[in-house]
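In order of appearance the chains are A, B, C and D, and numbering begins at 1 in each one.
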Amino acid sequence: MENNGNTAILKIHCPDQSGIVARVTDFINLHHGNIISVDQHVDHEENLFSMRVSWDLSEFDLKREEIAPMFEKFLGEPYQMKWTLNFTDEVPRMAIFVSKASHCLYDLLARYQGGEFRVEVPVIIGNHTTLEPVAKQFGIDFVHIPITAESKAEQEKKELEILKKYKIDFVVLARYMQVVSQNFINHYPERIINIHHSFLPAFAGAKPYHAAHKRGVKIIGATSHYVTSDLDAGPIIEQDINRISHHDSIKTLIQKGKDIEKIVLARAVKAHIERKTLVYKNRTIIFN
Amino acid sequence: MENNGNTAILKIHCPDQSGIVARVTDFINLHHGNIISVDQHVDHEENLFSMRVSWDLSEFDLKREEIAPMFEKFLGEPYQMKWTLNFTDEVPRMAIFVSKASHCLYDLLARYQGGEFRVEVPVIIGNHTTLEPVAKQFGIDFVHIPITAESKAEQEKKELEILKKYKIDFVVLARYMQVVSQNFINHYPERIINIHHSFLPAFAGAKPYHAAHKRGVKIIGATSHYVTSDLDAGPIIEQDINRISHHDSIKTLIQKGKDIEKIVLARAVKAHIERKTLVYKNRTIIFN
Amino acid sequence: MENNGNTAILKIHCPDQSGIVARVTDFINLHHGNIISVDQHVDHEENLFSMRVSWDLSEFDLKREEIAPMFEKFLGEPYQMKWTLNFTDEVPRMAIFVSKASHCLYDLLARYQGGEFRVEVPVIIGNHTTLEPVAKQFGIDFVHIPITAESKAEQEKKELEILKKYKIDFVVLARYMQVVSQNFINHYPERIINIHHSFLPAFAGAKPYHAAHKRGVKIIGATSHYVTSDLDAGPIIEQDINRISHHDSIKTLIQKGKDIEKIVLARAVKAHIERKTLVYKNRTIIFN
Amino acid sequence: MENNGNTAILKIHCPDQSGIVARVTDFINLHHGNIISVDQHVDHEENLFSMRVSWDLSEFDLKREEIAPMFEKFLGEPYQMKWTLNFTDEVPRMAIFVSKASHCLYDLLARYQGGEFRVEVPVIIGNHTTLEPVAKQFGIDFVHIPITAESKAEQEKKELEILKKYKIDFVVLARYMQVVSQNFINHYPERIINIHHSFLPAFAGAKPYHAAHKRGVKIIGATSHYVTSDLDAGPIIEQDINRISHHDSIKTLIQKGKDIEKIVLARAVKAHIERKTLVYKNRTIIFN
């Protein structure tokens, strides 16, 4: 629906006031934009309004560069909005960080190559070389940047240079298994997506399947979230679970978990690519 | 949110045109209605627009009786809308039809008595007397109307009289196990909710658990739908499933199925009570 | 299958050794017991063997009182087994502890009265009188035992007396909202079943839905477990979840959570009644 | 657990009689086999016994070639068993049939290459060349065999020759979109695994997502089954579902469905590879 290259996507976040939906849709209609989708949410506890609206630009009578200033003047400023405007023909560029586990990487690349994700993936960064052949298989550049506690600051600089060089818009940690620094996060706020192999906030930190097995849970999960400086505590984008039983060993938990990790990460990445996520108060809104 | 008794709920259905959301929310804002929730859907294939909006009436400057004519004049008629207007202090009256199985009845009554449903349940009709004690337990009138193939037309007349006497708005068939006639349905179009004990359209008709067992499915389900003249083919309101295995006999399927039936029916009834359902083209929209 | 009143259920737990299944089933076959079900589990990490076997006693050539000593002599003692033997015509007696929330109580009683649970429920104990009418509705004795921090030790004594008087085998805390003391637990080890309204170990303690809302999870859960002295840390019997979204307020979380709590508690209680649970290392095995 | 190359897997199916589990485990113990797993099922309605047992061969005192005749003599024949014996170092050889859709193929190959499947995949057969590059990516032979209604018989002969040449043990139809003939099936009875993109028996045949959308279901599913001569009616190995809503178009149904298809097919293939499936009466037992 929104894939024909001339669609605008506007995300809005502001204090709730009467009439915002009407004003925004009026603005679009007035300029002959054909609205494709509208989704809005009011958080009555926080008195906050959020909205995502997309419209067809084919008969829109504003030039692209005119939209933002005019919207800011007539709506953004008066309503104290934080807003972003994107166009679907601006394809975001995604880097994937990996370590040794291949399942999430394969899944992301298969979706990328199969046309599920409207994204470019120009580079994969690994702290091991294990997955270099997978990158090669899919014809994607692979950069090996080993990391130790001592070399971290320095190596993250290199990573940031590579991300800059490849004009990366957002980063996916596909079971990267490294904590990224505050400095690194500052370069990609709300643009680093991690997959944690547990149902957060249960079993944050290392070895969640071991912890889940020890605790004797009957369900395991995975959580995809934006990375913040608090480990495994960033805004959750997506979660899912799988039922297990006493028959499961740590080994089978890890195996079954892979399937949830893959799908949860893929859904989160897709929502991000399609500009359907909005973060506030360390939570997310996932628009339709 | 909508339970304080002075909330209006408007449901709209019409050909899709530019600007409808804006016009409707303008109408409400103009008269100082404080919008509580908006949910809308556009079916691009059918070019149909649907919307549910609710607003607080405490500062609304139209009298109740003025809303409908004014809305029809300025919006309903020009936009060829089918629309309904309800107020949350008008509590709908629900009749429950039962046969011998108690699980759905108990579940509905427990929710009713526990305050989950904003509804009145003045009467239960049974084609057997098995569940009369349950009605008594909850202090609700029970009417026994046995039905045979021969007596059906006549007995349905009695049922309709009872529904009229108790001023019933909608009917829930809580494992009633009887096919209701077209004539009966005509009195309550889109207002008779059934629970079928399978994942429709699989296993329509009698003995779905037997059929599921024979087919060797790995998942069973339940479906709640509005009753139409086509058996088990009405618009689906809600479905859910439960995983089973080769260990399950027909007996345990029936047992496990009860839990899905209860919850699926309860969700459907709740959506109906809260005016969150909209039927078109034999499908439903379930608003937020 | 096991409901005809003359079925024996044997649960076994011991160090894993070669041939146990064969020895146990031989013992039963030798005495003309017709095996109805066998389920076994080996924990290879802990080298522990567990088994549940049930058999029809109609042609069994040992008298009931002979089974235990003979089994202990020939199998229990040699294999260092911990084992329990029950007969399905010995119907366990269950007490329900409640506070103010009705949903779990209604669900348990509806199942009890509808014949889903092979159990007796002679008494309900409440620290408030709120649910006394529900007990009355179902014709079950209700005892009001208010509890404060100061009166706890004393009041728990009263509770234990009541449990003794009613010959209670196990206790279900149906949203009881009180921490029970170590002394109380000692009287019913692995025989007090609690429902916690979160996906443990996430959100242990008070107000889990508030915590879940704050954390911005996309899924909520409920956990039924045996009560131990560590709050919300006992062996988990059953868990389940429900998907939520940013549209959910704390209020709707609580509402949606009720449905999971009910079903998770009911499954746990059913497993316990049917002697399908086995606890070790603070985890459970749930037999088929 | 069973991956160390010297494990035997025995699957048994026979009329239920007292003592079979004991006899079989005795046989293994007697010859110093260390049992790794036992799972059994009795279908009381059909009076049929089924069992899967695996054991470590490292201290087993029968030679491989001695096991089968001895087992048949002492157990198979007397108990009228149908049984199969496999060894985990005999890695089965799997062919994948594809058409144009890539998602299932990628998923299977990623699991294969990632070590999740103990299988060899020497060849992929496609009726289109669309996925030849994917085969190449993973270094697997690709054979293009176009099929029309007229050429079917002839082309299936070619396929069978290729399967023979590559010594294929079983075939996976990964969204192959062609009905295979009875003759073809006869060469691989209970060894052709299909994925159907609906929750069977709902929406058998062509375009199930279109049918699901038209019917207005609230849940979509996928079904993996062994292929028989009745279209989409073979024994079901695995099913799973995904919740949808009125917001979903046919396009998004197809997209969401892919994720279920992938996982359901992968689980079915894994169960087959690990010799955990047993077919009878057009149903399956899936052992632990």
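Heads up, the rule we're going with is that contacts are C-beta pairs under 8 Å (C-beta built on N, C-alpha and C of every residue); 3 or more make two chains touch, one makes a residue touch a chain.
Model, not experiment: these values are computed from the prediction.
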item: A-B against B-D, pair bridged by the larger set of C-beta contacts; value: B-D
item: Maximum centroid distance from chain D, chain identifier (CA atoms); value: B
item: Reference interface C-D: repeating pair among A-B, A-D or B-C with over half of contacts shared; value: A-B
item: Centre-of-Cα separation between chain B and chain A, whole angstrom; value: 37
item: Distance from the mean Cα position of chain D to that of chain B, given in whole angstrom; value: 42
item: Two or more partner chains touched - positions in chain A; value: 1, 44, 247, 249
item: Footprint of chain C on chain B - complex, ascending; value: 1, 102-103, 106-107, 110-111, 113-114, 116, 137-138, 247, 249, 251, 255, 258-259, 263, 266, 288
item: Chain C-touching residues of chain D, taken from the complex the two chains share; value: 1, 18-19, 21-23, 25-26, 29, 34-38, 40, 42, 44, 243
item: Chain D contact footprint on chain B (complex, rising order); value: 41, 43-45, 199-203, 215-219, 221, 235-241, 245-247, 249-250, 281-286
